[in-house]
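This is the structure, below, for whatever I ask next.
Going in written order, the chains are labelled A, B, C, D and E, and every chain counts its residues from 1.
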Amino acid sequence: MTTIPFMRRFRRPRVRRRTAPGAAPGVIRPDPQAPPPVIRLLGYGAGEIEEVDVPHVAELSRHLGKHAVTWINVDGLGDAETIAHIGRLFDLHPLALEDVVNVHQRPKVEEYGDYLFIVVRIVEDPQYARTEQISIFLGKDFVVTFQERVGDCWNPVRERLRTRRGRIRQLGPDYLVYTLIDAAVDAYFPVAEEYGDRLDAIEEDLSHGHAPQSFSSIQHIRSDLLVLRRAMAPLREAVNQLVRDPHALVTGDTRIYLRDCYDHTIQILDLLQTYREVCSDLREFYFAMVSQRTNEIMRVLTVIATLFMPLSFIAAVYGMNFDRVASWWNMPELGWRFGYPAALCLMAAVAVGQLTFFRRKGWLGSRKRRRRHGTAGSPGTARYDSR
Amino acid sequence: MTTIPFMRRFRRPRVRRRTAPGAAPGVIRPDPQAPPPVIRLLGYGAGEIEEVDVPHVAELSRHLGKHAVTWINVDGLGDAETIAHIGRLFDLHPLALEDVVNVHQRPKVEEYGDYLFIVVRIVEDPQYARTEQISIFLGKDFVVTFQERVGDCWNPVRERLRTRRGRIRQLGPDYLVYTLIDAAVDAYFPVAEEYGDRLDAIEEDLSHGHAPQSFSSIQHIRSDLLVLRRAMAPLREAVNQLVRDPHALVTGDTRIYLRDCYDHTIQILDLLQTYREVCSDLREFYFAMVSQRTNEIMRVLTVIATLFMPLSFIAAVYGMNFDRVASWWNMPELGWRFGYPAALCLMAAVAVGQLTFFRRKGWLGSRKRRRRHGTAGSPGTARYDSR
Amino acid sequence: MTTIPFMRRFRRPRVRRRTAPGAAPGVIRPDPQAPPPVIRLLGYGAGEIEEVDVPHVAELSRHLGKHAVTWINVDGLGDAETIAHIGRLFDLHPLALEDVVNVHQRPKVEEYGDYLFIVVRIVEDPQYARTEQISIFLGKDFVVTFQERVGDCWNPVRERLRTRRGRIRQLGPDYLVYTLIDAAVDAYFPVAEEYGDRLDAIEEDLSHGHAPQSFSSIQHIRSDLLVLRRAMAPLREAVNQLVRDPHALVTGDTRIYLRDCYDHTIQILDLLQTYREVCSDLREFYFAMVSQRTNEIMRVLTVIATLFMPLSFIAAVYGMNFDRVASWWNMPELGWRFGYPAALCLMAAVAVGQLTFFRRKGWLGSRKRRRRHGTAGSPGTARYDSR
Amino acid sequence: MTTIPFMRRFRRPRVRRRTAPGAAPGVIRPDPQAPPPVIRLLGYGAGEIEEVDVPHVAELSRHLGKHAVTWINVDGLGDAETIAHIGRLFDLHPLALEDVVNVHQRPKVEEYGDYLFIVVRIVEDPQYARTEQISIFLGKDFVVTFQERVGDCWNPVRERLRTRRGRIRQLGPDYLVYTLIDAAVDAYFPVAEEYGDRLDAIEEDLSHGHAPQSFSSIQHIRSDLLVLRRAMAPLREAVNQLVRDPHALVTGDTRIYLRDCYDHTIQILDLLQTYREVCSDLREFYFAMVSQRTNEIMRVLTVIATLFMPLSFIAAVYGMNFDRVASWWNMPELGWRFGYPAALCLMAAVAVGQLTFFRRKGWLGSRKRRRRHGTAGSPGTARYDSR
Amino acid sequence: MTTIPFMRRFRRPRVRRRTAPGAAPGVIRPDPQAPPPVIRLLGYGAGEIEEVDVPHVAELSRHLGKHAVTWINVDGLGDAETIAHIGRLFDLHPLALEDVVNVHQRPKVEEYGDYLFIVVRIVEDPQYARTEQISIFLGKDFVVTFQERVGDCWNPVRERLRTRRGRIRQLGPDYLVYTLIDAAVDAYFPVAEEYGDRLDAIEEDLSHGHAPQSFSSIQHIRSDLLVLRRAMAPLREAVNQLVRDPHALVTGDTRIYLRDCYDHTIQILDLLQTYREVCSDLREFYFAMVSQRTNEIMRVLTVIATLFMPLSFIAAVYGMNFDRVASWWNMPELGWRFGYPAALCLMAAVAVGQLTFFRRKGWLGSRKRRRRHGTAGSPGTARYDSR
């Protein structure tokens, strides 16, 4: 018990607000540990595309207004001024900007007059089920995205923009936003798959015997799946809101694509739900196995104890030191001719009697029970047992 | 434990997307293992019917537009070009075609302007609870169906079309789609029935004793029922949507039939739900039986140990070697005339006393308890016990 | 274990469709085992009443159109032609007639233009929780009812029709249908009551000791209650639909009565729900009792084993045969004057010490614990314990 | 087990209908055990009040129409004629009157043209969680209330009417009805409180040790809370209906008061829900305690058995009677000089070794574990442990 | 068991109404223990601010009407007259004032013509999960707040009012109310965080071994989380009501801020829900650990008992005193040359045989099983085990 860590510690994600209760709303207070922002602008129209790494936020305004769609991506939320500057450029609401740096928002869609504020969570690392917040602003001719750190799942999208693949260059910023959300959603599929593999491995372990750590692993996966579910369920609602609610910024054509994306969110939630139920089932298996084992151990103990206690008692009786000389009544058996063989025979008889009793109870191993089982089973049983 | 496989491995269906996150939507990427498509056209009107096996998709256009209703059935999704060609022929949306080859869609109805896209899942093989996706396009004068592989549950429908049975030949493509969905739904009844038989067999096994494999079987059936439920629940919603939502393509008369089909989906869900609860009940039975068995084993052990330990102790006392010669105080019993019989009587008295105690506790088998039970039971009890 | 059938087999009702998947809808295919139909016509107006046993369906048309309300009751669904003939007489939809013979419909109300099709389930035999389907057609001046077999709960209704009791003769067919449904609903009250009695009997059993069969009985009652609930819950919905939805066939006055009937369905569901929770509570009791018993058995075993093992050890030590002659060091106690009494005293001291330990642990029966309990309890405790 | 009643019998309330299924609706059939009715009339206006005990129902009409509001209260439902007479006086619907005497109605509000029929349930006796039905008819200038027996919670209301306290005399019958319902609702608070006290007492008991009766008490309180909840939940709905639905009889001013009353029903339901969860938690405690106890008992048994079995074995070996004379090989230890001390030392060494093993396993009492615990705990632990 | 308090008593918050059932509504009856009220007025407009401590409520009217917004804060509800006076000043409804002093209201928003009555609950002390009621009246130019006692979470708000930080001075009373609610809501974040830390500490404890008190702590935290949830869930609804419902008093701009506050309530509920599930998981861990421990203890007991019982039996046999002189048949082994070594060898052989059996069963510690495990595990297992 003490040597095997029955339960490994679980790193639970924390929601810590940096602003004190009662502080003014709409103040941008970045996490001190957050990395400095890296700004990248990508402007495109049907026939042209321009990619710029913007070294400083002040130079950003020079590049605006030249393209049909301008996508500004900011990796890293470590500098309040940069975010505030972008907010002023596009006239973004302070509350939305505050949500950008408080990176524990639930996925949501918020309407602010002439732009939409969308929060999405992506999976950073399936090993720990941590999710990263992505904030998206969708305006008439711009898309601004904020990520917690460098590195994302959008390189295929950029590639498609560069190579004119898909119809993405012809379409507006709403289609770009759809593409970004869709990529974020689809990135959950391999993660869920990873958990499916882990559950299979645990099932494999359990089917080979009683592994104390399996229980801990199952519980951790359950926790992880909950984290994923908590990121995906509001995302489904947010995508549905984009599909159903009338926003001038989202065209009917894009809505059809978003409906497809909505389908994917449902599929993922379905998958996560299935895996959670698999976890519950495996937990039940675990408990069934432990009680099965306890039962078996008890049976062995009972058989042995019940077998030897009467035998030892007989031996002890004939080990008593009553004085045979003092009285004829004292242990005359000891002087009988076949006293010792008779005692041994008595012991053997007792042992055989008990074994017969145990056999009738079905306590002598499982071979016999299985045989009985096989004959009692209906053809139906045979069928699904041979499956 | 090690010899009996307590838990058999369960093959869980996997949802693996072939498209990378961020890839362009609407691209048809068939599963490399999918079989090549086999196309079959069936055109009919009130007075005529034509059945054609179309060897190549390019020849399909020759057969179109000649019948009141044209049903094109494609078995096998292994060739992207075939599917794309059919999509172009009937002007189908790329997203819908993508869903056709990504065969892990949930049942749904999607409206695309002048046609409906319907996804249904049928049970491929009740032994493994795997479901196959069927995609149906319903247009003004055509029905296009895609199946994962050759072999389906629609031969009776084809037979009815050929022999003018039912009113199917007089009616439009919406009635044909109803017929197809209805056949797919009704095919769940024998599958659910199969699971009912399995559960009965398990109950039979459990009622004969403690079968370790039963637990595993119950859990697998639970999983299977969940798979079926997950295919049927959205199908119910989809059928309900066809019944309620106003689509020009579905006539009021067909809606009455679809309402009947909707009833069937509810009946199946009801059945699956019932069986899931039977699974839970059997699981409870299993646990009750294991704890009942542990209890019984413990009782036997306790009776035996408690009976013989004091007896052995008495025997051990008179087996001590205190020197009776050295002192009168040392074990004078050993020299008594009736010392040995007295010791045996003492042992017998202790044993009888203990047995009385056990009998009062009700630990000596269940015969007595049952008798007491019988007298305590009210007439009501007697009635349902004799049931 | 092997002699007591721990779990009795449960006859689960089966839903078997006789029509193959893909067969034409609206075909009447009666169960081959169904009894032949017995037709009985009952026509009445405010001032007159006529009762006719119709030997053959063909004679039915002669009796129609003569009364304000005509009620045709068919007991037995064994003849397709009879049912089809009645269907043609009143212009009933084939799908509804198909539902009449497929007697596993959920209760429902379906509107078919100028008549309503209502399905109700009544309890056939409370001993087995089997329900029988009753199909009711309500038209402008007729009521047609189909039952699975002869014998029903409507004789009081017929009596009231004959003797002018109630206002039933003055009112239309909708009031008759209300009366029929109300009688069917009220017939559930004694059934639910029967299950309440059974649960009381089981509780009585459990409170007298540990009955292995009780668990099985509880589970069976749970199953039965589920069957009843599954018949009643959709019936509540159906009655509510009759109360709320605007049908020209149901007058406002009748709706007030149906509202009363709706109340009854809720009361029954409430009752069934309560009994299901009682089942769960009894199951918990059962498990608590088993673990309580195991605990008690373990305690006795531990007390006995712990008491006698050290004593036996002491006796065994003084039973060793070290040669006292060979050395002064070898077991000098055996030659002491009071060696034997000293050994006995040592044993007694060990025993007393252990008993004190057990007493402190509270392992020596429950008398002491209860006393402690009594003094620790607040007045509140005393009050509810004396309840 | 047999001496301690592990489970006390629970008197479950029964719903027995006196009318046979199929009987005519609206027939008043009082419970034969119901007490005879006692009628009391209370008429008042802004400036006057009149209280009359009406010995016979026929005299009632003389007192009607003289006051702004007339409140007729009937205690006891034993006489059908009295109830029917009152029904005729105020033109009440037979179905409502039937519900008055069938005293197992769920709380509800029913609209009958120009009056409202309201059913409320009050707690008769918190010791048994039985509820009594109160039926209220609210008309334009009258309030008629029926109670199952004499004695109610409305004396403070009568007092307020007499002494002009509150604005009750200025206001109409709807305000009187609000007052009556509010008094009935508020009477649940002390009852819920009583259950809170009981749960505290049980928790106190459990925290002092393992009381078998606690489990039974918890289950009974759970049942009682369910009874209360089942009376209160529909009452909340009924009050909400009075607040929201437009009835000409309920003025806007009274609605504000009813909204307050609605708040109280929610508070009570909240409380009952909390107590039900406390029950569940206590049940979990109970089970945790039992398994904890079993574990501890097992540990003691294992330590003792494991300690003494090897020692006894050693003693038994040197108690064997091999003939040392016959051969030098036979038990030479018995003749060694320090044979006996060596054997005792061997035993001591084995015992010490085992105790060390047990100590490492943490099986020797909980002192050591707790110490380890204290040091391992983070400051956070220390904080909440000292709470 | 008796020395370790397995379960600590839990102080459950009580809802005790001071008004008797049937008493007149709208009567202000303060809790006798409530502290006397301390009144503080804070009036401000865009350019000015005035703070006054009002010693007596009668002087309050002098300060009204001079500012754009007047905020009157009352700490302490011990004086009925003060509250009634304020009620008369602002024309507040008696029912609302009654709710102010009955400090067990659920959070709610009530509309009273030209003002809103809002109830919020804040956490008083995270150590005990007690919540305090705050009542807020929002009028056209005033805000009146009542708190149970001195000391609140609004000092940062007052500071912002004084220093012109934020836009709070320019905006109306609705923005002030938003600020107050937002501060109250945000104060839940550190409390939830505190519970997260406690759960981590418990998990740490559990992972080091079996701590009986952990179970009690988990249950208490569960209870506390429930208390918090019950305060927060209706608050979410109340805030949502302020966001959605059309009140003239709440401007569109403030609604955007309230929407942000609504987001925070959802985040907190999400957090509380997560922690409740962590509690459930830890409880499962606890039970898994206890059954795991019982299993291990049983295994040790079984191994020892099974090992030594046959050995002791053999020794006991050769300790029997059959008279070898009386007959050649009596225990000739005792006289054999190598009798003693042979007996010892027999014992050793039995012991080795048993140990082999145990090893095959996997009962000799967990080392071997783990090794087997390592090899059986798939690469996937290895990955998540090394996590």
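In the analysis below, contacts are C-beta pairs under 8 Å (C-beta built on N, C-alpha and C of every residue); 3 or more make two chains touch, one makes a residue touch a chain.
Here the structure is a predicted model, which means the values were calculated and not measured.
Two copies of one chain, subunit C and subunit D, form a contact in which under half of the residue numbers belong to both partners.
For the pair subunit B and subunit D, the CA-based superposition corresponds to a rotation of 145 degrees in steps of 5. Centre to centre, using the average C-alpha position, subunit C and subunit E are separated by 39 Å. Averaged C-alpha coordinates put the centre of subunit B at 24 Å from the centre of subunit C. The residues of subunit D that reach two or more other chains are 1-2, 200, 204, 209-210, 291, 293-294, 298, 301, 305, 309, 312, 316, 319-321, 331, 362, listed in rising order.
Per the touch definition, subunit B reaches subunit C in the complex via residues 153-157, 160, 165-166, 168, 179, 182-187, 189-190, 192-193, 196, 199-200, 203-204, 206-207, 209-210, 256-257, 259-260, 263, 266-267, 270-271, 274, 277-278, 281, 284-285, 288-289, 291-296, 298-299, 301-302, 305-306, 309-310, 312-313, 316-317, 319-323, 326-327, 329-331, 362-363, 366, 369-370, 372-373, 376-378, 380-381, 383-385, 387. Residue ranges on subunit C touching subunit B, taken from their complex, read 1-10, 12, 14-17, 19-26, 93, 95, 98-99, 104-106, 108, 110, 112, 127-128, 197-198, 200-202, 204-205, 208-213, 215-217, 219, 222-223, 226, 230, 283, 286-287, 290-291, 293-294, 297-298, 300-301, 304-305, 308-309, 311-312, 315-316, 318-321, 324, 331, 333-341, 343-344, 347.
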